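Labels for the chains are A, B and C, by order of writing; each one numbers its residues from 1.
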Amino acid sequence: MMARLLDRKKIASLKERAIVSILAASSFLSIIVTVALTLILFTEAIIFFEKVSLKEFLTGTKWAPLFYDPSFGVLPLVAGTFLTTMIAIVIALPLGLIIAIYLSEYSNKKFRHYVKIFLEFLYSIPTIVYGYLALVVFTPFLKKYIPVEIFNAFSASVMMGVMILPIIASLSEEAFSSVPKDLREASLALGATRLDTVLKVVLPYSVSGVLASVILAVSRAIGETMIVAVAAGSTPNFTLNPFVSVQTMTAYIAQVSMGDTPFGSIEYASIYAVGFLLFVITFTLNYLSRVVFRWQKK
Amino acid sequence: MNVVEFKKPDSENKVVEFVGFGVSISGKQIFEGVSFPVYKNCITAIMGPSGSGKTTLLRSINRLLDEFCDVKYSGKLLFEGRDVINDGVDKTILRARIGMVFQRPNPFPGSIFDNVVYGLRLHGVRDKKLLEEVCIESLKKVGLYREVKNRLHRPAYDLSGGQQQRLCIARSLAVNPHVVLLDEPTSSLDPTSSAVIEELLTHLKKECTIIIVTHNLQQAGRISDYVAFLYPNEDLVSHLIEFGQTREVFFNPKESLTESYIAGKSG
Amino acid sequence: MAKEVILSAKAISIRAKRRKLAEKVFVVIAFISLLAVLFTLIQLLSSVFVKGLKWLDLQFLTSPPSRFPEKTGIYPALIGSTWLIVLTIAIAVPIGVASAIFLEEYSGKSRISRSLDIIIGNLAGIPSIIYGIFGLAIFVRYLHLGRSILAGALTLSLLILPVIIISTREAIRAVPRGLREISYALGATKWQTIRYVVLPVSSRWIATSVILSIARVIGETAPLIAIGALSFIMTTPRSVFDPFTALTIQIYTWLSKPQQDFKEIAAAGIIVLLLLFGFFMAIGSAVRYRAGKFKE
């Protein structure tokens, strides 16, 4: 009897060990993916950089991969990305902050709850829908007042602003809510209004959380593909004029990978070069966001 | 809104007076029928077991209670002769006249200087020189000036806990309040820092009236002139059990509840 | 004293009035901003419905795409999306839940677990188009899966894996300590405790994350474009190695056409997309809401 029980235990522990190995293997998959992803981007990009110098890539102001005499200066794509992202932030930051302040300081619990659900929904709407809205609804509307091109950075940016607004609003609201209650009370007890308190105490206290949310929002805007692919156009344009067609880094990658570009061609390699750059930028921003976020905890 | 200056009472006056005062929060009666005066230039300690409504009582004086919960007041609460509940008193003015210090030091983000002059700036004082003067004076009052004079513009968070609490007292003194409310101001501090603050309060009472909530019987005995003792009944509604001069209440309590509370606490 | 004069009741009251006014203005502005966002969204979405609804009929749902607006339909895309959802979830959820269990229960606070934490956090922040070109290189090209459903599902699995891991870990962490201790006290092994206590208790939360992942898979476009999901597919796929199209890809193709009619057809496609997406979001939120209640 005893022996059988012991035996069972042994089997159980053998089985457990097997299970743990499987579990461990699954989580190491994340490491493998990370390594493989970096490696692939890197090696494919290397193929590209054998033909185009890093200097030309990073400082060239003309992006024309399809020309007979192609040129691969990435700056127009970077400018397109920068332009759309900046406009999106200019729209989303004030609105997001105002909403965050309203939610954390003025609204009641129930209202806050529902608005946060709404914001989450807003954020997770498939971005192709925003692309549609920009191209089919917003641009024609804009055209009535300003002479804009059919594909233009502005429409796409506005929709992108709506998309990232929830990130700023939600995360800032969380940062505000983490401010100790008695700091607010001390300010009110000195005769401040809630608005005074937010501006002079709550915001300074949670500035790192707000900043982290903004950086994260920037990173998401830079990495967003569908809105710009649909509505901003596909003209690499080294410009900061928001009313003309531009191409972002993501839109270029989408454009090329969609077509039947043969593997091994320089065009094919170029999406990995651009992808690698995009990866480095967003990775850095995400890292920065986390570092900044940690300041507050001190 | 009525813009009437609260008169500094001349002598012997009751700065604050509770008259049949009661509070209920979201329909739950916390205490009722509380009547006692707070005399000028005295330290009045509010005592009682946990949950007996001491904090609630303190926060109704500057109406801070209204900010975060649904409050119903009953009876009267007189501040310098005017009922702050029913007389349409401007809360901003009220709060400019009543300082408050919290259980845990809670300096604002920003420099030591910013902290001290927060109230003055709020009320529109922009004159740099004046701000500086008041800042120094207030820091001197709490005995912090010598320790921080070289780093007035450094973050307040760099100070120790005891120093931070004194900074918070200085912050409330800068607007020259008539009354300072303190809610267990030393409960998060080490004995040395606590002693410094106790000492400080006994000096401060020459300038303003002090109301302090404390759990520490010895502390109340050492520094207070009057004691108010709250105790909940079986329905968990508190009443004022006893009010009087500290010595009287401690050594010669009229109520057996007070006696047993004091005996239990000190024994 | 000088201060006394400066902080006269009158001075305070004048300032206070101004500050209170500023506050009122702010509250009004904030409320209007909030309404504006809500209103804009409703306005925009209603325009989608107005444009798309007239194209949305049984014929649209059951036909393959066509050059002629009145004949075109979304059927292969619907089937393609369904395949994608099923496969992606089947691949990502077991792996995600397994890693979450390992990270929460077995790896402790070791160095490895902390680096894994960071790595997974990073993976969650990578733009989806990058997953797309990664999938293009690995699955389509090196593993010779071609532009197939399987390649698409694998790519999307990588994309949602970190999300599933993170939310499952939260779910596991929310299991009360006492429950585990009871299980150990009864002599259960660690795995038995996980299998019979931790997982059942946290299953609702895990289910939520799965449902929300489905919503995400339905709406994902960029990675599928990158691995080259085709849009002009007339037939429905028969195996996971067949080429495919998906709802979002189909919508994108219609949007790229210059004719106005196709823009409206895209709107019809978006209605279908939003209904499906909304359905899963709603279920996910409802389950989470109830799970939240349960936790209290």
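Here, contacts are C-beta pairs under 8 Å (C-beta built on N, C-alpha and C of every residue); 3 or more make two chains touch, one makes a residue touch a chain.
Only a predicted model underlies this, so the values are computations on that prediction, with no experimental measurement involved.
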item	value
Chain contact topology (line, ring, star, complete or other)	complete
Pair joined by more contacting C-beta pairs (B-C or A-B)	A-B
Gap in Å, rounded to a whole number, between the CA centres of chain C and chain A	14
Rounded Å distance, chain B centre to chain C centre (Cα mean)	51
Between chain A and chain B, centroid-to-centroid distance (C-alpha), Å	49
Sequence positions of chain A contacting 2 or more other chains	191-192, 196
Multi-partner residues of chain B (at least 2 other chains)	92-93, 96, 122-123, 175
Chain C residues counted as touching two or more neighbouring chains	12, 16, 19-20
Chain B to chain C touching residues, read off their complex	1, 3-6, 90, 92-93, 96, 120, 122-125, 130, 134, 175-176
Chain B-touching residues of chain C, taken from the complex the two chains share	1-4, 6-16, 19-20
In the complex, chain C residues that touch chain A	12, 16, 19-20, 22-23, 26-27, 29-31, 33-34, 37-38, 40-41, 44, 47-48, 51, 94-96, 98-99, 101-103, 106-107, 116, 119-123, 125-134, 136-138, 141, 158, 161-162, 165, 189-191, 212, 215-216, 218-222, 225-228, 248, 251-252, 255-256, 263, 266-267, 270, 273-274, 277, 281, 285
Chain C-touching residues of chain A, taken from the complex the two chains share	12-13, 15-16, 19-20, 22-24, 26-27, 29-31, 33-34, 36-37, 40-41, 44, 95, 98-99, 101-102, 106, 115, 117-118, 121-122, 124-129, 131-133, 135-138, 162, 165, 191-196, 216, 219, 222-226, 229-230, 250, 253-254, 257-258, 263, 271-272, 275, 278-279, 282-283, 286-287, 290
Chain A-facing residues of chain B, complex	62, 64, 67-68, 91-93, 95-96, 98-100, 102-104, 106, 108-110, 118-119, 122-123, 168, 171-172, 175
